[in-house]
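This is the structure I want to talk about, given as structure tokens.
By written order: A, B, C and D. Residues from 1 in each chain.
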């Protein structure tokens, strides 16, 4: 087990283009910590993002980590053993020209930006909830927590370097609640060492991350790492005990949907012995496809198929999820 | 209680433009029956849609029904008391140039159509499931049923007449699994009598109706009807015991998403006393937004907010859902 | 030659669903007149559309005209002999929640509508121009006129009835400047008599009709009509002396683009003896594809290929354009 | 005047992330040469891109060039003095899973790729044309040349590094025919030295670059360089003697359209003293908006407004275009 808690000058803001902060063995465990998307700088309703955050310094990532032996054409498996809020407060905001229901840099209209506002959330670890307090009335309500990492990614292919705000084939800022405790995320390796990083802790988030900002908070995280040699997933794949999931991140939203669906169909065909047309039919009737984000530079959807609908006796991704489950149980049990 | 079982020449194929088959009182109950989307003409793997269905005669609707007293500017509430498969078989297919992962009439590419295939499903009412049988291997799997109407709509505004394949502000072919037993669907009334119709029974369907066809079957349905005078919902709204839901149907998919989200935010602001910005924040953290279809002439998404997150003591849509719940309980208890 | 000038109660507001105002022979000429899109009700900067226009009564159409002998599966050819402004003034406006750079009914965001404004244009027939007068400064500039009909369509297929604001496979509100003097518009016939209508005179319009409103004015129009039996164009086709053009109208904009391009490629393959792949290549290098509108319920693009790049000796659409050219010359010469 | 002709190992394949090959003064002239998008490796119909090109090595760029004194927040002006074919042949192809009318990596459908084909073009400098030779028939036709650079860009903002296939705010693979002799391209500077590069010579290309490949060829190019200090264009701007142009590159296509249009409106408001609403109206009536590409990772459209419609006496971008015109005339005259 290794541990890494970044110092204030150790965050990275891109996938690719940054030297590793630590080298990890495949088949190992890392305990780490991630700052919130605002670098912890928003602590009251008066700390507007446009005032306290410098351009291009949103969404700090912890990493990148170099995985020994990882080479282009392999797949990195990251299992989330533990993903827990490390603070008793969290924050959400609107951000000028960002979000799914406003004029933005890309959906550029003639309107002025919507109002910039900050909502501070109290965190109750006992109740496992955060409290929403309305700013314009005295209504408040508790929302159950579902902590996850909005952002986990490897260095992109083709020597690209992408902002930590971007989700694409390399993972990144997918904002999918499926990247949580108990899940294994598979990412295709594009460079030596894979160079993965993670951040953007969300204590809870609705589908689509509509206003552009979840309930953001720092996170204590433990992950197990595995390497699958000579096999490459083109787009991120997620597995938990119940589901196989595929992730598509692009624009427009129907292209993200199409990527996730075709990846699932091809995945079922190549891993479970179904023909493409049978997989198309089966997926059409049993898939769930939660929208992860409609706010980032690319939009993300996740297609899920419950394993109970799939042929038995197939060892998905070489059994990496089960192996990592076992490693993490061993680790947690001491 | 009235009953209507259409004769073979009594179906309609559009919303609007058709004379009513029956007049109903507001505050009443209807027992009816709907044919499957293929008019019951596909009964084996050899009955290809392109052979047995004439153009413009897909998706027959039962209705339209004239609701006494309904006038433009009102809202019609349809509560689904009972939605049950009326056959022990169902069918799904691919359809040339239709579906979300193929060249279509509108996403027009240079590819030939994908193969046309038919899958027949056995229905077990005891197990409440249908059985998928792969056509290219001997794999089979049971899928729990979740019967709903893919299509329910009123006559459109502005004297338009739309194909029963279209979802839009008037409801129609939304393909949302939320239109099921226990739900109340609210539709703004555009013409005298509202002229609603329904059909397209789905025994089960995955999110997005990916291949364009659910597990299609005839349906026995009982509904309760209520009229909310002088109040108009611009886009369909759904309520069940747990959730408030808003529906957006347009293209591209992000516009369907934007419609559903803004409708929800405005709905919470006008019905629950939240400011727009507080509603934006709350919805961002608690909404679920299942994709209903990415295959029809317009795409549909549904935004859901659980009532437990909302201020108490508000009587949503004048309490129509609870009233209809009561009427249907009274009816079912004799 | 027949003449039809609508009385104030004779306009229609939909394609389909309306009885014909006049019956025309194929191979004949019609002289007619169209009102502007605001029914002539905006005559000063104070006449805001939201005040003077009732919902669903924008864009009055002259017609529909019944063409003798036209049957589903035929193609109607409409040649524009003369399209001339009939007034010495014209008008443009912004319209709340309409336009390509604002929140709309379909691209639904949380912004308030942009300001509603009216610009009156003076028309100089001598200079063949209109004068733009800035409302917030004293700048003015002359813009050369290019008069055309924003809207020409037939009754839709499948018993649909569509608002005169909609462009689709039946033509309609395409807002393409190519529908002007000297052009022949081909529309597939869906109902007996074709039932075409026209309106929405634009004295000039930029590409995309960005703010949603062109320089709108009443029009004196003469057209020649021809019928091509047993041949059906799926989407509108336009021909002038120099160009073959295909029209795609849908959302998102890339789907409109894809429709126009695939129609052109198939058109060149079936009419000019090129293989699909050669047509794909040739179109890729020589096409022009002006954006017609990005504001209507569907967006429209037009793909144009200059005839000089095409094989000789092919009689496009049975030579209908040349025939109509000849008819109109004969007519104009007395 | 400086000259740079890259050696075979000197090309770059990204914007950003590469050391400069040469340092240039602002207010200077560069004579250079660019390879074709296939690195000159396709010289016959049998050289399929999928065989001769390694992944991530399409579209070699000449550069990057370091401009002395360029700092983030400035704008670089590149004037194209001369853009001339340097070969008497050129090439176009289809590329598997690339193009606007095929399933692609992002518009991911279940179809197989379209056929991969190569078309060789003969270049006649005397006739200023290329000859298209059909591969499946003996038709051939001459197409007038319009040589331009499909790709010109600077290092992106936020430490990103992007493939030379990508167009975005930094310019890049815009595939706009307006980037040709006589034009000045303005790009906002994001890093010290600006680090611009160029390539992707197109001897001619239709709108949208439909099949994904223009008539590709090596290019002899001379450019004049100017630096505008302390002024930053957010998206590329182009000027020639007649037009002001703004460029939007994103997905979906309507977002590219919206970017180009809002940039133009804001540009006219800030440079020519019009109010935003007057600029919106004027642009709506006079703009031209050619589609540049619908095939790259982002799509590109260009909005053009003729200077004759604009207020006089304004010195657009400090008169940089006219200055560069003068420099290049002086240079060409000796």
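Keep this in mind: a residue touches a chain if its C-beta (ideal position, glycine included) is under 8 Å from a C-beta of that chain, and two chains touch if they have at least 3 such contacts.
Computed from a predicted model, the values in this text were never measured in an experiment.
K.L.:
Among the chains, which has its CA centre at the largest distance from chain C's?
P.N.:
Relative to chain C, the chain whose C-alpha centre sits farthest away is A.
K.L.:
Between C-D and A-C, name the chain pair that shares the greater number of C-beta pairs in contact.
P.N.:
It is C-D, judged by the count of C-beta pairs in contact.
K.L.:
Taking the mean of the CA coordinates per chain, how far is chain B from chain C in Å?
P.N.:
Measuring from centre to centre gives 35 Å for this pair.
K.L.:
Per the centroid of Cα atoms for each chain, what is the distance between chain C and chain D, given in Å?
P.N.:
33
K.L.:
Just give me the whole-number Å value for how far the CA centre of chain A lies from that of chain C.
P.N.:
Here the centre of chain C sits 48 Å away from the centre of chain A.
K.L.:
Which residue numbers or ranges of chain D touch two or more of the other chains?
P.N.:
Touching at least two other chains: 101, 107-110, 114, 252, 258, 261-262, 265, 280.
K.L.:
In the complex formed with chain A, which residues of chain D make contact?
P.N.:
For this pair, the touching residues of chain D are 13-14, 16-17, 55-56, 106-110, 157-163, 248, 250-252, 255, 258-259, 261-263, 265, 276, 280.
K.L.:
If we count contacts the way the header does, which residues on chain D are in touch with chain C in the complex?
P.N.:
92, 94, 100-101, 114-115, 117, 119, 132, 134-137, 139, 141, 143, 204-215, 252-254, 257-258, 261-262, 265, 273-275, 277-278, 280-291, 294, 299, 301, 308-311
K.L.:
Chain C touches which residues of chain A in the complex?
P.N.:
So the residues of chain A in touch with chain C come to 101-103, 107-112, 114, 252.
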